[in-house]
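There's a structure below that I have some questions on.
The letters A, B and C name the chains in turn, as written, and every chain counts its residues from 1.
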């Protein structure tokens, strides 16, 4: 079948299946089946299990349930609510106040987790109920979480940079370093937007928290210590060489369990309850990942992503025009496929044209991460949306609407990075030049 | 015929470039009768899935690292016995001695071997110079399969499992002190970012194999089969040359980027041949008579 | 029958949860072994080198097995996400029968997945396929667990369709309603 007819057909099938209320993972499998029958020489029943098994039996994925479990333990032990009351006095004068917690929390958590879904699930599970109970605007709380959750990919360690580095023979050490400053920049953009928004929408901000004395502020700060200690332990375990980034997630679980035990708020029932909740969230994410891996191989057979990328290559664009075109391409692909799949499917076509245009491959890795981050919050296929739908019960399209400003900020970040490539390249150049 | 070909490594790796050329050769020799689309870097099927995908007909042709199959049959691990064949000449002789045994094992699975091309020799990457095995005593040594684990043990080091993507972090944070890999991989992973010493042991030359699904292959017209076999022969010759050139250029790149390059000391060489002898014996215990025949043929070939 | 099925889904979910817990325990042991090595080196003793062989492979297989075992229980817990904007706007009767159709479609896909997985497990068994790492693990074992989990998922989806068609409320709808009330 011609791509010009197949591609729209697949889009119709996906939207149709989702609109009828089919579960996301099944919708992806259904689209994959149509693509396989239309364009693949191989039998779908043999390809399906091969890819789904290959996509699920991946060691790095084991960090996902661990981090989510850690979040569930913290929520049940009231350590997370302690953290919010501890932070409140310090953010009292900052426009936007506790709304910044999502940005800060995700940025910190991203330093231990390589995945956006884990970042969103863990931080969101703790922050959303707290923000809600304190009267913060729902749309803003959800939007900041959806946006900041994507930091998981940009701030090292990062699954997507490992995939890109392995496929293109780029130094993973350099890619990781290159992500640090753009990650901080993005956090500042998000923080700046929250401040602006809160100054313009004073009516939608909750009443100021009662003023506290210095002594009360100090005792509030003391309540922050356990969780700060936990974060320091997890990050420290990686940088002291005690644990790999994947293993560090388990240190997080153990630490959370120890803290919860010390505060005496968890108990055996809480332990099992938290594990069960983490299992449900993990199975949800993993089932969609499984569907995505089948759809990815089907798309590989159809050749649609390759042909579209090749089409862009044949346009003979200037570097800026090429980047603009690629951004549009990735945004559109990112609506339907998960970000890592897009990188895997297109990188071998796109990288040569990018380097031919004189663009640094390390810089391009960071560009890719930003566009992949966008794909996390664009419907209908966006993992941060799925995670937040699970936490809040809000529909993924609604969540996507709340996240739209942050999508805009990601586009802005791409523009800034294109004009000032040094933001990505300076750190690896300084730290690793010989 | 339009063939999808999954391969594990990225486009800048010489194996992939060789295969791209092979695909072009096949296309022109068959006047477009057989068009091979190369899906590099595991973009269609990932490395662990490739062999079974070809066997089950999900892709008619594919590339895998031969020693990845060593758990299926010891013969696939013969090119990964350290210090048994540690130069291109020896590697060639070992391949001649083992090729028919490998082909036989593949044929049992309905697979036909087209060609095999070695990686440059596996050498030591460390933070500190290595004069003898004593320098590695108690060090964490990266092991990724049974053979590298045994090698680490015999050198007195502690075998440590590190996933590929985790290597730079593991070196930087001290979870691992030494690894053994080719100069190509050293260059592509920019090993100078996290190690400083390269000891040119060239302990073994692991090979990548390109194989086809026999049924798909025999379904082609006779002249197309011949064209593919000829292209494969050319790819083999070209691949071995590329590999040898890559060894020198790779080591030169490592040096340019500030790594200290050294030849193994006499002590280390002696210790290594002893380890090689031990590991060959251990391999023979596993591989039985078929293995003995391979080793005998190799030893009698004069290498 | 009702109670038996519910218990079956729940048992799958608990097996899944325990498997995730097992991964945590294994990783913790691995880290402990590494700390022991460090301590030994600090005291100039030879490091004992206690590691869990093939941990990355075992962990990966445990992960996959756990995910598939937990799929049915996750459905019952309302965990799998879907779009409800359109179906919410439909009249009750229409929504119910659409729900039946969608559950049946999902069940058909789950049956396909089960069959595909069974073919793979059988193939691995016939060819004695083993994993690549230090310990050769027969792939048919974890792939068999994957098949079982998918089969249980298919049963749960048929169950949901039948319950809906009979005018009842399947587990996933009850759970989804509970989540929405909570927020």
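The rule we apply is simple: contacts are C-beta pairs under 8 Å (C-beta built on N, C-alpha and C of every residue); 3 or more make two chains touch, one makes a residue touch a chain.
Worth saying up front: this structure is predicted, and the values here are computed from it rather than measured.
Chain nearest the geometric middle of the protein is A, using mean C-alpha positions. Among the pairs B-C and A-B, the greater number of C-beta contacts is found at A-B. Most remote from subunit A, judged by the distance between CA-atom centroids, is B.
Here the spacing of subunit A and subunit C, counted between their Cα centres, is 22 Å.
Between the CA-based centres of subunit A and subunit B the separation comes to 36 Å, rounded to the whole angstrom. Each of residues 48, 52, 56, 163, 175 in subunit B touches at least two other chains.
Of all residues in subunit A, those touching 2 or more other chains are 46, 50, 59, 242, listed in ascending order.
Annotation for subunit C: residues touching 2 or more other chains are 34, 56. In the complex of the two chains, the subunit B residues touching subunit A come out as 2, 4, 10-13, 37, 39-46, 48-49, 52-53, 56-59, 162-170, 172-175, 188-190, 192-194, 257-258. On the side of subunit B, the complex with subunit C involves touching residues 48, 52, 55-56, 68, 71-72, 109, 137-138, 140, 143-146, 149, 158-161, 163, 175. Per the touch definition, subunit C reaches subunit A in the complex via residues 13-14, 16-17, 20-21, 23-24, 27-28, 30-31, 34-35, 38, 56-57, 59-64, 66-68, 70-71, 73-74, 77, 79-87, 98-99, 101-102, 105-106, 109-110, 112-113, 115-117, 119-120, 142-143, 146, 176, 179-180, 182-183. Considering their complex, residues 34, 37, 40-41, 46-47, 49, 51, 53-56, 123, 127-134, 136 of subunit C touch subunit B. By the touch criterion stated above, subunit A contacts subunit C in their complex at residues 18-26, 29-30, 33, 44-46, 48-50, 52-53, 56-59, 61-62, 65-66, 69, 132, 237, 242-243, 247, 250-251, 253-254, 272, 275-276, 278-284, 286-288, 290, 380, 386, 389-390, 392-398.
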